[in-house]
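Lettered A, B, C and D in written order, each chain numbered from 1.
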């Protein structure tokens, strides 16, 4: 595979710095290690070592999906590749899937979604802030993924324009207020995931999910532990990303007549324990009032 | 979306048990909660609650990708969805990718790979044991993914039959002895990942990768922390999967004339420190011999 | 050091099972590997291998502190050694410290506390349930630590009987309702720690701590990752304890006239951000009403 | 409790900065928030808010043990409080214990050990580098813990000067070459812990421990996850310490006639599996040579 005009390529320095660029005849790449002409990068096999005019070596690579997600211009929180990878799996995306996303942010997650559903699927993404919308649009265009994305510059307070979507990802501050809209936009049995940073948001979302027509609810967190790649001194990195967010996934179901039926076992046990404790407390209060001795309660 | 004949569906009990089945008119599903006819599951929207003949509710869902990876018959180690998700991302797979895998094992990872590259891509998978090969074949057929997989019942000791592959995943005990073959099968700049359970294997693999034409080496581990989905008592699960394996990723490059140039910064620092320490030790030995007082070394 | 009558000793089987016993002439130890007379365990150096009458080897050891904490009779949640270790450090305990604990539970944490402050310090522990109280008392007696503990079978709803304590540990369900009592029992600048399992409890406790006279508030969690001790196949255990509890530590201070002064930087930043967002929302609403075009807000 | 001359005190700024100082009449404390006279800090209750001459508030606290461990002058790797806490517990230290340590480094761990065994116990610590020795000595003196420590400026290559020690901590680069010396210095059944940063060191140490007279071998790692103490936005810190070191603990035993008897179950299973695999490989080779068909091996 040889590089060609318009290819998105990665240049890696011997110090590990990574630069993403789109090859254009006549252009030039500049860095602290010197410059190099795009023309000198064209028609080369990937994996070639090239040199800046100052003689510094640069490794020419095809950018990975993680490079594409993270090496974008952005004015919002980053989406971490580890979370994007898990989210794509939780949404069971594949070529042809129709997936909705809100908010677009800088488009990092949109890139991962579009990558997974292209070329026959579509991402429908919503963003309310015009500045974010424009940044995301540019990023998607740069990555060559815009053809697979339908962008909406509008609030989702009034719902989504799509129905029967296969999957839906909410990366907003208050996902719990959009559950009815999400349910309406998804096909029955589709895939729903929300991403929030705090435990309070998880609690609020869980609380609303339980009242809505969703089942198979799961909360999880992905931790990535990197190691220093030194064969004789193998050890985890000294510092790591400690937290990015919680992933809450669920499945929209056909309205259940018996609410609470599809709650998790944990959840039901908690409910049962609550009821038992309430009964014990009442019994204890009653006995205390009566002033009589009594045997230990379970 | 309505269920139809030959669909792979999931039945979830109110206790959270999950059953995977392929709908066939005339067949019957049996569990400890009673049985239900496949006919009664046909032409229903997903997300519907059905009932066994004993009156127990069952939730009818389309299986997620994670359900498909884990709910297979197997006589080997399982691949965890968290690792499969990260591996697919590290390999930058998408519709159309050509990816090689060895060994096939029970086919769990093969399912994840085929899911990601279908319908226009291909998985080429190698397995040396006939019993595993057959189990994996049945699993892939059951999941409807066999059309996207080319299975080889043979050792990779003599190399792979493919060239110019986009990506290659090694899930074998001694990945380091196959690096030349992997390099030959991958297109320059392709994506390589190995998965091993022990730190000793990581060290051996890193050591060989450094001697081969690979760059951009990374070692990482994915930890999944699940939470009990109880809004008023949110907390991580009491027990978690403590370890599955280490992911080592790298990129095959065009032969470098200067070995070690593309080692990680960490790795180079270690080398430099080793040299410095050796020099200091020699100097200290020399000074000790000379019997003179001396100022502190750095 | 030789074993003697009344010593608490540990017998370890070649399969790794651990048994705690107090040596008494004339008694006998029984297990599935056969029995052994206490007399045959007396006056031996620790680290000796003895044999059951069936010929099975048993390793005679002095129990570690972790053995003492965990090998007790109990009808409550266990305290994990990892948490006990961190708690003891967070409370800055040492010989001579006076530390208060509530509730006693089965006495596992009490053992760790008494171990740290003996022989010149004291643990004052409160338990409201008579059955737990008795179990804990027996455990402390068995461990030989009862002389260093003052046990109270009573509720702490009306406060603690001690004042000027060096440290205080709350292992109760609703620690936030006891903060005034805790403040009254501790010497100014003493050490306070609470241990709770859920994030909701952490939030409630933090909320109350901020309104009370406490400063230097920290929330943390200890994760213990064990490895299989196999030199050629080193790897973390397949499963691990995923969660035990959150440790919240704080210092009681002399009443501050300016509430919020000693909140953490994080906390203050959050407050500031909240205020800014409120102002922006108001401004946006105002502008929306006015119907005019406006430049982007920060 | 009121501050007095010679007390070690902590000043905390409203921004969370922490300063450790020893109160001396006539001295002055300086920081970017202004200065304050030690005289103005004397005879105050801990937990008092004082003000710099520029009007900035400072919280006067007794330093915690963690403050004492980390707020020292140092020219070596830091010991983290989390590791010190677990190490002290693994060594089962208490007032009166006699514990050996090598190397002293900057004395951080020595402080934790001395704190735990004072006033009746002793720490015997060895350091080969004169510069580290002096730094550690000053730190211990500043912390008021020097009376409980016996410092040796010498190598441990020829062994330790003590025998019958209760516990021994090795914080050196090659702990495996000192196992015989450690065994000789410890009382039978005493407590041994080593702390190393890399997996290669763990493997080497395990390998030597298995050949020496040690049993009850465990490898573990402590991870500390801090949370932002914000009640309405509770979440783990964005970044965390990813790795400090591995703790390997073991117990010296009376020479066993049957080596390998006290290896862990994991270790024995590994050995057994190795043997089985070797037998299967031989059988497979034999069958392959014979050219006959054969049934599947287990």
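Heads up, the rule we're going with is that a contact is a pair of C-beta atoms (placed from the backbone, for glycine too) under 8 Å apart; a residue touches a chain by one contact, two chains touch by 3 or more.
None of these values were measured; they are calculated from a predicted model.
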| item | value |
| --- | --- |
| Which of A-C and B-C has more C-beta pairs touching across its chains | B-C |
| Centre-of-Cα separation between subunit C and subunit A, whole angstrom | 36 |
| Distance from subunit B to subunit A - Cα centre to Cα centre, in angstrom | 19 |
| Centre-of-Cα separation between subunit C and subunit B, whole angstrom | 38 |
| Residue numbers of subunit A (touch at least two other chains) | 199-200, 202-203, 225-226, 232-234 |
| Contact graph of the chains (line, ring, star, complete, other) | complete |
| Contacting residues of subunit A [partner subunit B, same complex] | 1, 12, 14-16, 45-49, 57, 59-62, 64-66, 81-82, 84-86, 88-90, 92, 94-95, 112, 115-116, 118-120, 164, 187-191, 199, 202-204, 206-207, 210, 215-234, 246, 248, 251-254, 256, 258, 261-262, 264-267, 270 |
| Subunit D residues within the subunit B interface of the complex | 130-131, 199-200, 202-203, 296 |
| Residue ranges of subunit D touching subunit A (in the complex, touch as defined) | 197-200, 225-226, 232-243 |
